[in-house]
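One chain, chain A, appears in both complexes that follow, with chain B as partner in the first and chain C in the second.
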Partner chain A sequence: MISVNPGSELKEKVTSSIFIGAATISSLLLLAMLLFLLRESWPIWSQVGITGFLGGAVWRPVITPPQVGIMPMLVSTLWVAGGALLIAAPMGFGCAIFLAEFAPVPLAALLRPVLNMLTGIPSVVYGFLGAAVLVKFFEVKFDLGSGESLFAASLILAVMVLPFIVVNSETALRSIAPEYRYAGIALGVSRQYLVLGILLPLARKGMLGALALAFGRAMGETMAVLMLAGNTLKLPVSWFAKGEPLPALIALELGSATPGSTHYQALFAAGLVLVLMVIAINLGINLLLHRLQKGVNSV
Partner chain B sequence: MRRKTWLTVLLVSILSLCSLAGCAGDKQEGEKEAAPEKTTASIKIGGSSTMAPIIAKCADNFTEEFKTWDKVDAGFPEEPIVIFVSTGGSGFGLKSAVDGTFDFGMVTKDLNDEEKEQFANGTITQLGSDVLDIGVNSANPVAKVKPNLTTEELVAIFSGKTKTWKELDPALSDRPIVIAVRDLGGGASEVFDKAVMKGTPISPEALQIPSMGALAGKIMDNADTIGYVSSGLVNQNPDKIIPLSVDGIAPTLENISSGQYKIGRPLLLVSKDKPDDRTQKFLDYLQSDKGIEVVEEMGYIPVSR
Partner chain C sequence: MKQRAVTDGLLMGFFWLAGLFILVVLLAIIAYLIWRGGPFVDSAFIMGSPAGLPLGSEGGIFPAIKGTLWLVLLALVLSILPGLLTAAYLSEYGRGGRLADIINLLVQSMAGVPSIVTGLFVYALAVVSLGWGISLLAGGLALAIMIFPVIVVSTREALLAVDENYRLAADSLGVSRFYTLYRIILPRAAAGIMAGVLLALGYAAGATAPIMVTAAAIIASSSGALLEPVMALPYHLYILFNEHISMNQAYATALVLVILLLLINILALSLHSLQERINSR
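Up next, the complex of A and B:
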């Protein structure tokens, strides 16, 4: 490196090593957390085994001998998060396209901060509103015994992850090189075709990334599902059945589990499974995006 | 190449720092054990969410009445009274009392011998009992048609065998019974299991509610719900929740004091070491008439003196 004065090379080295240090410490923190979870839950993995724990359908950790199987909770987690995406993705993508392409500037300037504010509302408030309003609404409207269900949880989760999808998708759309728009205008295609046929495929990577972020967020959300999913131990058979996603299981039972007991270790094992699932989703989507990038890339 | 060596040096130094930190941690804990006297004037209490409102109210009253420690007893310094009360569950209260995070742990379940041993050098104080009533919504006709349930009927309902109100009694409606319970590893659940279910598993369709308050709320909101509710909450909402009798015994004060109504759990304060003078004063306050008044006010049963 050609240095202008003798001091700047040292300064560069120092600052770059500070940044490297910070990045290394962050990665080490994640690793340390995973190792801690593994250590606390190790007896479960060695005694019950991975298939036994993940595939077991009975969760009764306080009887002797304890039975720990989280299959119903795994299914509930995936169903609730998947359902939330199913509801939020069309709305989110539509909103992003509207904000990026069609919205008049004053309207967009109003909508964006409002959407951002949705992320600021604490999740317990969402849960509380859902429990007070949504559950009662389902009970009255559909004459159910009780209004809690995976669908109610998915609905609230959809509202919570909507801002993530909108913001990330809009960024992806905005960062497409303007040449594509000019080419479209020059060729005289309609606005709709320009957006749906040209810009959306180019923004695929960013939008899929938004979906992955939203899915990870929805899987890990605790307070809202704790109050809305019903927390039953039965395997849910439909979207409108009740279930108990993994974060709700951990939040509900960790306070009363005696440390060191099988119950405690099983809850840590469930936590490890949850973290690994979120990491797997993120890694999977990144791999998928890498392969997509082989096509036309601009984002 | 330079970067790689630099990265290796960084990682090695971080790892060695971590292991050194581990050594320091043990030493610090050892020192903490050796010094029994607290130098700060704050009392930390945490654990069961059922007891937290009682202790918090007593703490508020105590602080307001005395404000500084020298007014409690002239021998104490003039320091403001600071008492922290937090929740986290009985299990958390037990654990934190043992490892010293809290001065007192609030526990609402019977302690087994192993757990009692951990507090052999400290104190286990019972402030009262929390009785679990079997509660139904006031709009539910069962309160008039069948206000008494036998233990067998209760087991059948809570295990899921009796699925609709009509199966319980033909005069009731054909609506499904919504079972509300607390989390199945928790204190309230354990009490109910020992007194009623006796090993029969609760129906997998039962709703597990995170807190007693929310459970009472579910019964008040939903006319088809049945669940076990803390008697304190029932007494606070007399026109919304109706308690049912079990085996002919109603959850009245006489039946609870005499021990005839069996579904209950003790309200315990546990501490690992003997409390120091100031903390002992607060403990005395809790057991005095003023503390008993608060326990009764919240609807719980004070321990008879």
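Up next, the complex of A and C:
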């Protein structure tokens, strides 16, 4: 660049390196975090081993010798999150299609802020309402001693991830080139057929991405599962059994684990497993979407 | 043909149902909280301290409100400068470059990190290793790490939305990048950036898991001392319910928290649409 003032070139270099430095350092925080979790949990990986830790069915970290297996919690995590998606996906896709294709403009203008506000309600409030209303309802309706279950947690998580599925799926539907729509309309198919037969297959990858992001979110959610899933360390045998997903395990036991003990290290190992699963999903989706369309960046 | 019409009608019904469902959910949540919690929210509840036996079954939530404000303020102070600098780098200095690609990916992955894991990290680093203990400072740090990617992404989007012609004109006049950013781009993106910061703020105010392991206490004065534990609204709600202290107080606390967050959200949304009007001018 031609510079009018020779001193300004140096100044430009300095300011630009401040920006680069700040950006690099703050982004490296993620790697620092992962390394730190790995360091704190290292004795678990070297002594219990990956298969022993992930596949172990017994979590009794404070007896001697301690037993640390997180399989029940791992299964609970996947079950709760998968169940939430099962419930949220049809609703989320339906709502995204409604917003992208059928909603009258004023209604769509009303619903979009509503989606934002739903994401603004904190998870502890969802958890609280779920526990105070839904769980009570199950207890009265089905005459249960306690109504907490993986299913109750899935139901509330479904409501929590719904806005994310809707927003990302709608973006995917809207990013389809208009020519396809014109072609469909010119062929005289109904608008419903146009959506299901033409637009949905084209938006498939984007909508899959929306689901995967929602899955990651549901896996990492703490408060709702803590208040709803029932918190037992047993391997869940059905959707209606109780369980304790990994975030709940960490939240409940961290305060009582003596730093440096096997218990403490095992909780960090559990955290590392959780975060690596979520990051793997995000990176996978990123690759998938990047190949589809460079620059799509769903938040 | 007739079958097609029936299928089409059913599909249309489902799409409408799905669309209206989210509206119903939001209205139901707000209405239910007002119904159950409204009668217990008054000035004594907002301005008072927890009282009664067990503690919290009567009285107010003022220390929890104060604690939440301290936590959010601290999180903002710690994250805003790194957030803005990173976003500015991504949109103004490194755009399209290899390093910017990597940083974008890291920030996006950071946004996906479960908040309890952030709490776990800060617990080991600050509470245990650095010896801060369960404290306002540790909680502020955890929340700052949690909202950093939110601030980066929203600021980056706001900066990128500024008309490219301003940059081209400034470049062709030989104006420095920093001056262009500071005097031309930033003022035009200010409303959008503010909207993003507000959303991040609301996100921090509602987060429970990270402060539960780093900062929150069941009862504290929340004086603002950095190395003391604090009370916080979301954690207070959790305790009121979980320890069976008082359902009425829990509903009232949830109502206050939700109203606070919805107000922040609405403000952010209006700033966002203001920004869209500025961009389309």
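The rule is short, and it goes like this: the second predicted complex is superposed on the first by the 255 of 299 C-alpha atoms of A that agree within 3 Å, B and C clash if a C-alpha of one lies under 4 Å from a C-alpha of the other, contacts with A are read in each partner's own complex, and residues count from 1 in each chain.
What we mean here is this: contacts are C-beta pairs under 8 Å (C-beta built on N, C-alpha and C of every residue); 3 or more make two chains touch, one makes a residue touch a chain.
Please read these numbers as outputs of a predicted model, since none were measured by experiment.
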{"item": "Partner chain(s) touched by A:Val62 [first = chain B, second = chain C, both, neither]", "value": "first"}
{"item": "Which superposed partner A:Ser175 touches (first chain B, second chain C, both, neither)", "value": "neither"}
{"item": "Touching partner for A:Gly230 - first (chain B), second (chain C), both, neither", "value": "first"}
{"item": "First, second, both or neither for A:Pro259, with chain B first and chain C second", "value": "both"}
{"item": "Comparing the two partners chain B and chain C, which touches a greater set of residues in chain A", "value": "C"}
{"item": "Which superposed partner A:Ser146 touches (first chain B, second chain C, both, neither)", "value": "first"}
{"item": "Residues of chain A contacting chain B in one complex and chain C in the other", "value": "20, 24-25, 28, 131, 227, 251, 254-255, 259"}
{"item": "Residues of chain A touching chain B in the complex", "value": "17, 20-21, 24-25, 28, 60-63, 131, 135-136, 139, 145-146, 148, 226-227, 230-234, 242, 244, 251-259, 263"}
{"item": "For the chain C and chain A complex, residues of the former touching the latter", "value": "4, 7-8, 11-12, 14-19, 21-23, 25-26, 29, 32-33, 81-83, 85-86, 88-90, 92-94, 99, 102-121, 123-125, 128, 145, 148, 152-154, 171, 174, 176-178, 199, 202-203, 205-209, 212-213, 234-235, 237-238, 241-242, 247, 250-251, 254, 257-258, 261-262, 264-266, 269"}
{"item": "Chain C-facing residues of chain A, complex", "value": "1-4, 8, 11-12, 15-16, 18-20, 22-31, 33, 36-37, 40, 90-95, 97-99, 101-103, 107, 110-111, 113-118, 120-125, 127-129, 131-133, 159, 162-163, 166, 190, 192-193, 195-196, 213, 216-217, 219-223, 227, 247, 250-251, 254-255, 259, 267-268, 271, 274-275, 278-279, 281-283, 286, 297, 299"}
{"item": "Parts of chain B lying in touch with chain A, wherever the complex brings them together", "value": "6-7, 10-11, 14, 87-92, 94-95, 175-178, 183-187, 190, 199, 201, 204-210, 214, 218, 221-222, 224-225"}
